[in-house]
Amino acid sequence: MSHIYPADFASAAQQIVNAGQFLNSQGLAPATSGNYSMRLADGTLALTVSGRHKGRLVANDVMQATPDGAALDGKKPSAETALHAQLYKLYPQANAVLHAHSTSGVILTRLRKGDTITLAGYEMLKAFPGITTHETSLSIPVVDNAQDMDVLMAAIAPRLTLGLPAYLIRDHGFYVWAPTMPQAEYMSEALEHLLKCEVELEKISPRSAA
Amino acid sequence: MSHIYPADFASAAQQIVNAGQFLNSQGLAPATSGNYSMRLADGTLALTVSGRHKGRLVANDVMQATPDGAALDGKKPSAETALHAQLYKLYPQANAVLHAHSTSGVILTRLRKGDTITLAGYEMLKAFPGITTHETSLSIPVVDNAQDMDVLMAAIAPRLTLGLPAYLIRDHGFYVWAPTMPQAEYMSEALEHLLKCEVELEKISPRSAA
Amino acid sequence: MSHIYPADFASAAQQIVNAGQFLNSQGLAPATSGNYSMRLADGTLALTVSGRHKGRLVANDVMQATPDGAALDGKKPSAETALHAQLYKLYPQANAVLHAHSTSGVILTRLRKGDTITLAGYEMLKAFPGITTHETSLSIPVVDNAQDMDVLMAAIAPRLTLGLPAYLIRDHGFYVWAPTMPQAEYMSEALEHLLKCEVELEKISPRSAA
Amino acid sequence: MSHIYPADFASAAQQIVNAGQFLNSQGLAPATSGNYSMRLADGTLALTVSGRHKGRLVANDVMQATPDGAALDGKKPSAETALHAQLYKLYPQANAVLHAHSTSGVILTRLRKGDTITLAGYEMLKAFPGITTHETSLSIPVVDNAQDMDVLMAAIAPRLTLGLPAYLIRDHGFYVWAPTMPQAEYMSEALEHLLKCEVELEKISPRSAA
């Protein structure tokens, strides 16, 4: 397999560049939105720097940081670096984290005021780890948006249950995490597909949506 | 013609790789969803292995199996292989089968609780074999989703009438089959176009949808 | 200018191949739908043959025919060839005709039962010849679909007024014509944009649509 | 940085060609719509000439003009050149202006009859200069469309407040301006994303839209 645990920073940087092209092709990277990371074998992180268009990344737009998100190479991390670090600490099996501004996620969290989006009965749920049947539901936590990362971290911390694959920030987007970058990419695509189905069903008949 | 009955496994594998790129470009292959196959001249099957992204297939992601779907080369078939085998047995003229997770198919089967989606009056119906006029209707069977392939096979078996080109699995996607892979690709594209028209009409006026 | 009146069949064939790639990229060429043509300097026609995917055309998929649409090279013209010939006879300035299966056109003609789709007040109307302001309306004739080309020709003939750039066939798609192929491509794109605006407005508030 | 203040006309022309490919890939350049410009170091302007498809621009489709928009090279400027010149005079920090026919912008300004579109509470608002939190709103001026550029300039002039990044022309599209072309591209993408969110929310529940 060519996609497991990146051996070094250069490999992780290339996987992050590729992820940007993929998410951008899916409409998940408008303007300079989003930030992506990987955990290296030595525990340090490779992260996108602040302010780049994710569909136009080059390897030099990826920086290296400590497990807490402090820069190791003088580059400027994005503000959301702390959220990546939080996820890596809580989910030892996660080696890739993707944060994307999802159009469907923004619409759905703006429309539904609750603190959870529940996706139920879809075959596509099997794209998430540990789910082997459509006869289930996946409850994705939704936290209100905040510019203060400490506020966001405190809001999401109690919701980050074992095995959870993703969460949503209202009016903003989603985070997904996975053992490998391709898995994180596929989960992003699956989540957007499911959120879009919910948005489409809301347009026709809210009662049909889960 | 370059697309008829594949002479050998290598040709079939390449056609399957190409079909993945095509369906992915149409939004019909999110995450690792879908599986594709061809019937070879000797009756064996070429099938996608389990768990790959269909827009990123390489020839090595295609395996060879007996007409019953048993692996001939030690690779791991996807769970749905039995559904492919079922179709090849019932439809002797079919040499290509495509299963895709259609966004419009999921939305429509979730919205309409019946066991059939009827497409009527569309010129695009002529993309399906034996249809030469828009003044007709095509009733696509819908079966409830199941993780047990025997349950799915038993549910769809009585619905697989002579000349039928496709069926839908609720909350999941569709199967199409055709004499050649390009024909199966075109029928997938046509079916998605028609399902999308129905979804769009549902948004405006359910009475306008067939 | 490289796009005016094609000097020869080979140039016209290449322009038709390019038009297929363009319309396909716009979602206007699902399955093997659509047919395209150009008028050559000697009055003969270059036309797509029957049954090809328009996003995958090669020059050999283009045939040459008399002004009446009779094959000059033994290839099989599509059934709609007569509709192309009709337009070239009525519109001497037209050298390119594009027929595409428009998703928005199908939805709108299915929803609105009248014999005209009126597009009013849009800046994009200036993409059509002779229109220099948004303060106008363009009434596109709609004829009911028919498999008998004589029926279709008879239905549309009285509606083909001087300066008309396009018409719609209900549940089917549109025809556009222009002096050059790029102009026909741009008019196809503009028409689809406008039809889509109308469909979107219908979803929210039918009274907002023209 | 490779994208700041263009040193010469050739560099600006290439950036304009690239911007056309980008906006076209986003569905923001149907037919020959839109026009783009940059301000050069000597104060002259590089502008798209009239009537070209912006996804197919070549460097020769870009002309040079005085700060007032008078041609310096005999090429024909588009009618909207005066609107570009107006923006460069009022916004000294602007070196790139993009005008695009936004589908969502047309739909929204047609639907909402007021003279402002207000975007509130979105994280994506941070794509606009001076906005550092989602807890704000951005009021984009809307002016009625007009073919007389003097009428349009007079209508928009009193609305062009300090720091404003964009305005909308009803039934037509938007203008955005920024210090560099990539920033103008990102703001176009962000604005379209936000306008699309508003259109989608209008389809479900007008009260959910800001």
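Descriptive notes on the structure:
For clarity, chains are labelled A, B, C and D in written order, and residue numbers in each chain start from 1.
The rule is short, and it goes like this: a contact is a pair of C-beta atoms (placed from the backbone, for glycine too) under 8 Å apart; a residue touches a chain by one contact, two chains touch by 3 or more.
Since this is a predicted model, take the numbers as computed values, not measurements.
Simply put, chain B must spin 90° to overlay its Cα atoms on chain C, rounded in steps of 5. In terms of their C-alpha centroids, the spacing between chain A and chain B amounts to 31 Å. Chain A and chain C have Cα centroids separated by 43 Å.
For chain A, the set of residues touching two or more other chains reads 203. In terms of which chains touch, the assembly is arranged as a closed ring, every chain touching its two neighbours and no others. Chain D contributes residues 30-33, 53, 101, 103, 106-107, 110-111, 145, 147, 169, 171-173, 199, 202-203, 206 to its touches with chain C in the complex.
Interface residues of chain D, counted against chain A in their complex, comprise 121-124, 127, 132-135, 182, 186-187, 189-190, 192-193, 196-197, 200-201, 203-205, 208.
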